[in-house]
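In what comes next, chain A is part of two complexes: it sits with chain B in the first one and with chain C in the second one.
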Partner chain A sequence: MTDPSTVMTDPTTGGRDGFPHLVRAEWTKFRTVRGWVAGMTLAVVLVVALGLLSAAGSHASCGMGGVETACTLTTGPGGEAVSDRFFFVHRRLDGDGSITVRVDSMTGQIRLPDTVPGVRRVVAGVVPWAKAGIMVKDGVREGASYAAVMVTARHGVRMQHDFTEDVAGRSGGVSPGSPRWLRLTRSGGTLTGYESVDGRRWTVVGTARPAHLPAAVEAGMFVASPGDLTVSRGDLGGASVQVRFTEATAVFDQVRVEGRAGGTWSHDDVGVAYEADGRTPHHPGRFTESGGAFAITGVGDVAPSVDGMRIESTLSGLVAGLVAVIVVAVLFVSAEHRRGLFRTTLLAAPRRGRAFAAKAVVVGAVAFAAGLAAALTVPLGARVLRANGNAVLPVSTFTELRVVAGVAALTAAVAVLALACGALVRRGAAAVAAVAGLVVVPHILATASVLPPEVVRWLLRLTPAAGFAVQQSVPEYAQVLGYYSPQGGYYPLPPLAGLAVLCGYAALAAVLAAVRIRKGDA
Partner chain B sequence: MRAAIEVIGLRKRYGRTVALDGMSFTVLPGRVTGFVGPNGAGKSTTMRVILGLDAADEGSALVGGRPYRSLRAPLCQVGALLDAAALQPSRTARNHLLWLAHSQGLGARRVDAVIEQVGLGAVARRRAGGFSLGMRQRLGIAAALLGDPPVLILDEPVNGLDPEGVVWIRGLLRSLAAEGRAVLVSSHLMSEMQDMADHLVVAGRGRVVEDTSVADLIAAASDGRVTLRTTARTEAMEALARAGARVAVQDRDTLTVSGLEAGRIVALLGANDVPFSEVAAHRASLEEAYMELTRDAVEFRATIPRDGTATS
Partner chain C sequence: MRRELRAEWTKARTAPGTAWLLSAVVVLTAAASAAVAATVSCTAGGCDQDVPRLGLAGIQAGQAAVAIMAVFAVTGEYGSGMIATTFAAMPRRGRVLAAKAAVLTGLTLAAGTVAVLASVLAARLILPGNGFTAANGHPPPSLADGPTLGAAAGTVLYLALIALLSLGAATALRDSATAAGVVCGVLYVLPLIPHMLADPGWRRLLWQATPANAGLAIQTTTHLDDLPLGPWEGLGVTAAWAAAALLGAWLLVRTRDVRA
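What follows is the complex of A and B.
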């Protein structure tokens, strides 16, 4: 039987310096130094003010037949912005059925950059992602659900649906000597794409379940040819991106539709743009038919669109805000070393690893809250941008939450990294310089594009600046030719992988700091 | 009686400098133990080892029978004042004590109590950066008292205090000891221990030179010497030397005589017609006793100590 008085006085069972008490003590320390609270507040204000100011100052309008309208984006079934422009020769298909064609040739023309200003320079050729194939689509409305199997100029046979989904078949294009057979079969909600070199032996390319496919769909042949992309690098860094007109023409024959097909072939230049008069199509597609052979010319692309502002473009003040967070987090520990106060901390919490952990918890939580407040710029700024007529690429609520929470986590991880460096270096200015050199400088170098793109990609994979990837709201699409550069908002690592790299650095630094604190004399 | 602090054979060196060279002593509850010695004797290093801040190369230091680092709610076991300047200047006095209190699971009421106890109530909500050294010492003592600990360790607490403050701290430490607490106070000035310490641990060159009560130390240093005031210095010295006494000149008309009792001296001087104005048994000051003890132990250092502070 235990004597209660012994229990009361035994120092081992007091337990009053439990970890929550240490965390509370560190929080009291933090909130009672006005400069630190002001620094964290400044970080939030910087991000919010810079973001909202730039959003408020950004206006856009688009012309439609001489009338100014807000810029609208076409969206696909998943809500993402899409480009949906192609020439479609189609007929109605009710219920299950299939369509088979042979693609005999694919030719086209590409407008090259002008050598003499104002003089068009057009050459024969097809761009790598020029597409010719068969499609079933929920009508001919832009952005409607679809599934398609196609040959491309350079990327072989593909099965795609609902803009973002893409499956590769066999490689190789078509030429008059070696045609390609394509077949698309509907069974309920499932579409299966086939390909064949001779029309007898068929290979499955892939299956698709488009989001909204009604019983009656439009089935037929389509051709599209995305613009050609030229990236020229400036003398002082930076890049200018030029997209030029291209068109592709494909010849189809052996066309066979099975199932309850209705009417005759009709055609639509889906998504065509009009000249200023609002009637004349700009770069129209066309088609001819003779003896069961269709020659179809198309312009545009059926793919996700990455043209437009991104919600994270309102985070232009994030780097400045992070510098403030770094300074505060470093001072939170280096000021104690400078004043000899760290000894007092260790007197109160002699188990040193826990003392440091409590500090990290507090600085991480404070920075997370500050980052969360700052990241509210993203939804607010996007609202302001849209109200000003800007085309902001829509993202899902989940993505928006991920960006907001990710920026908060990024801020917290940077703060913990800064705290640990402060504990390792113990000199405030040196620690701030070190952390800024690890986090901010690589990001500035990357986005200022003074370095070769490959160097920049490695910087954003290997340094703590990889964490900035967490703010990327629109992914890079393999099936869309684009200039995917960090200054354009594309990071080499996926968002959470980039954040994980940063967290790895923070954890490593924290462990080293704890080891240093535990080992030495205070 | 159970020792509140046990220091057992501590050794520590910084590079080639020996800071502690077998330091051993105990501190008992219920009295003020003075820890004195010249700068560089190892007092502060010993205190840091007791408090788990520095690790000794050899030996151990226990508080209440346990190493400091194993204590739960340590500020409720040991209160310490090491460096009164260790403050965040922009934090108020009260908030400085508040975070310490929170770390031990104590509340704001205890903070307000100790802040009144040390006489800083009026400036509790002022930034500590504006405090004088004396006010900082009081704040440091408030921090030491925060957990109402049975053991107190104070490094040079009298530094920077005005005379009123010195009187105050003497009274405070004596009353804390009277409550049954163990109080260890260091100083490089023995005079500060007068009327404050009951027991003395005298350190020199990293070890204990003397571990004794204040009364015994003074008696030993006085060693039966007699102070003689006379206008006939030469005659007096001759007469006393003939009788076998050792005589030292203190100034023009004062001699210190040892080896003869005061009565014999009076008789001898009378017999030899040597005039004198005063014969008194010499009572050594604590300072003299200390000088005697540490004469060999004083170590003058050309180098600045590692942590750059002036005290050791």
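What follows is the complex of A and C.
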């Protein structure tokens, strides 16, 4: 006969209840209860099935001269989706050099929503991010590397390069009484942008090192005017976003190019779209020159684009899966209390804090694995979406990994939070409702647009639902006017900060639960 | 039936959690409504808000407390094994279930009325400070206004229906954590499914079929044409869910063994 104590204790830890031993005991409990394993499996199946179902039902096609094709996105040097549409009056520049202009005025027109259907309502004006300035670009191909210094209608002077980078200069726009001088100097791979009010005293706006700038570049003046945005109520309480045509016209003079500039001024309506016939440009830009003054009219934007589906859009079933995870995690502790088994657990492992920690480790690890399996919907769903012709915003491999691992971490943290609440409250239903109310409900209120956006932003900062921010794959760009609402998948906190809020709640609850278990009655 | 009602009323009255849960219904609803009212604003340029719906938005939190109260009303006895005693003392199980449902409905209607009145009061006090004035075209909610009264009364009825739906689900499932998970899924996750679908026909149909979406249509007073179905029809959908849950529970309770 063996001494029964050898079954309970591990000799390597000097007769005490070793932590690995406890974890193993808890893991054995977990995997032998059929309902709990089924619950976790259900969580994964719910997320994957709902995600792939919504991806499979989402079809899109884009017309190109009467032919239906898959929707494609222009990508910039960093691989992100970009919008690269502007009117460019340019000439070749070999090697180092600089270009200087004076921007004298900026005017434009904006199309407003029709009041009488079918009748265009166009008013004079410029949108806040209308841009006019000088640019150095690797050819005139859409998405090519560039650096530019520009004056905007409402956001002052800016130095931008490679679509995503944006540095602010002095504020204020241009008007015929107060022109603005701009200069862009190339020295090797570095470009420096300057601005001046009189053409004599210059201030540096910023410097840029674009990703791919060959020796010979196109340098010149450009004008762009992004579409005007209106948000209105959509069906089922959603919001529908409408983008309407605008154009901007800027007058440049005192144009001076220094360095080895070749050829004469040529012009391109970069990125212009064509009508159904494939030849007539849709909303073309234009330019006129007289006596060294250029009046250039441009449409579009040179900026990152957030117009497309996101890889995490197939994770809409995550909340359903999380409810299942919460139920399992709560049962993992409350079932023991109900059946009095917890007294046996504590007899076997009298150091109560450790017994609880072992439970947390097991449920956290199981939930992490389940979350990882569920998050595989992201790459699979993106593949299905693209195969159906949808334009899915490309992201880097690192971002994709962050989303997948983040969802797994989110699931684990929610499971630990639920376990701790179960140990604190001991009544299963109350714990499930409390955790669902803290994690799932705020997120659902956010995405189902039941509540106004301001309320939702606060909910997603303060409640554990902040953790859902970890799935956001496309950032909010300050230099692009967009409808950055939680409904659209833009969270108020950065991904890791949001996850940290959730983990904070989980850690707090775990500590309180450990204290309660140590002090309280079993 | 009087015997069963009396027994269930005594249980509900003396159970330690009941008072807490009833106050949780009131406090959660009123606090969440007040929080929503405090964070929205309406400018002179106008806003597109449904004021009664804003004032009653706290129901999203309050309904969880109602659901938990309903779940506890039945799973407590299953958890402790007292259900065997209950059925030994009152062998007509359908009547026990009916008595539980009646007591729960009464409690929910009472707590729901207080919660809704407190929410409307909070909205009346807070919203004018955020620009919701008659001058901006959005007067604060008043029960003297017909549509607002309808929304408020309908919200109380909605809470009672959610209680019955939860009671049915909990009786069928018998475990409190599982029942709470299922009810949370029905209340909070199911309403999301229509938004995941691309096909507008299916979206509409599923929206009409989910108890939380359809039932809370009762709070809508503006843009009624945008709704896939009318406010009272919506409440009818929730009632159908509650009836189905109770019917299922009745069939199971009659035919099944007492304990799992």
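FYI, the second predicted complex is superposed on the first by the 502 of 522 C-alpha atoms of A that agree within 3 Å, B and C clash if a C-alpha of one lies under 4 Å from a C-alpha of the other, contacts with A are read in each partner's own complex, and residues count from 1 in each chain.
Throughout what follows, a contact is a pair of C-beta atoms (placed from the backbone, for glycine too) under 8 Å apart; a residue touches a chain by one contact, two chains touch by 3 or more.
Fair warning: this is a prediction, and the values are worked out from it, not measured in the lab.
Peer 1: Which partner does A:I326 contact after superposing on A: first (chain B), second (chain C), both, neither?
Peer 2: second
Peer 1: Thinking of the overlay built on chain A, is A:V37 touched by chain B (first), by chain C (second), by both, or by neither?
Peer 2: A:V37 contacts neither chain B nor chain C.
Peer 1: Looking at A:S58 after the superposition, I want to know if it touches chain B, chain C, both of them or none. Which is it: first, second, both, neither?
Peer 2: So A:S58 only meets chain C here.
Peer 1: Could you tell me if A:L372 is touching chain B, chain C, both of them or neither one (first, second, both, neither)?
Peer 2: A:L372 contacts neither chain B nor chain C.
Peer 1: After superposing on the shared chain, does chain C or chain B touch more chain A residues?
Peer 2: Partner touching more chain A residues in the overlay: C.
Peer 1: Looking at the overlay, what does A:G340 touch: chain B (first), chain C (second), both, or neither?
Peer 2: Only chain B; A:G340 stays clear of chain C.
Peer 1: Show me the chain A residues, by the header's touch rule, that chain B contacts in one structure and chain C contacts in the other.
Peer 2: Comparing the two interfaces on chain A, one with chain B and one with chain C, the shared residues are 335.
Peer 1: Which of the residues in chain A come into contact with chain C in the complex?
Peer 2: 50, 53-54, 57-59, 232-233, 235-236, 238, 316-317, 319-320, 323-324, 326-327, 330-331, 334-335, 338, 422, 427-433, 436-437, 440-441, 444-445, 447-448, 450-452, 454-455, 458
Peer 1: Would you tell me which residues of chain C are touching chain A in their complex?
Peer 2: 17, 35-36, 39-41, 48-49, 54, 57, 60-61, 64-65, 67-68, 71-72, 75, 79, 170, 175-181, 184-185, 188-189, 191-200, 203, 207, 213, 223, 226, 228
Peer 1: In the complex formed with chain B, which residues of chain A make contact?
Peer 2: Against chain B, the touching part of chain A is residues 11-18, 21-22, 24-26, 28-29, 32-35, 335-336, 339-341, 343-344, 346-351, 521-522.
Peer 1: Note which residues of chain B are touching chain A in the complex, please.
Peer 2: 48, 51-55, 64, 66, 68-77, 80, 82-83, 85-92, 95-96, 98-100, 102-106, 143
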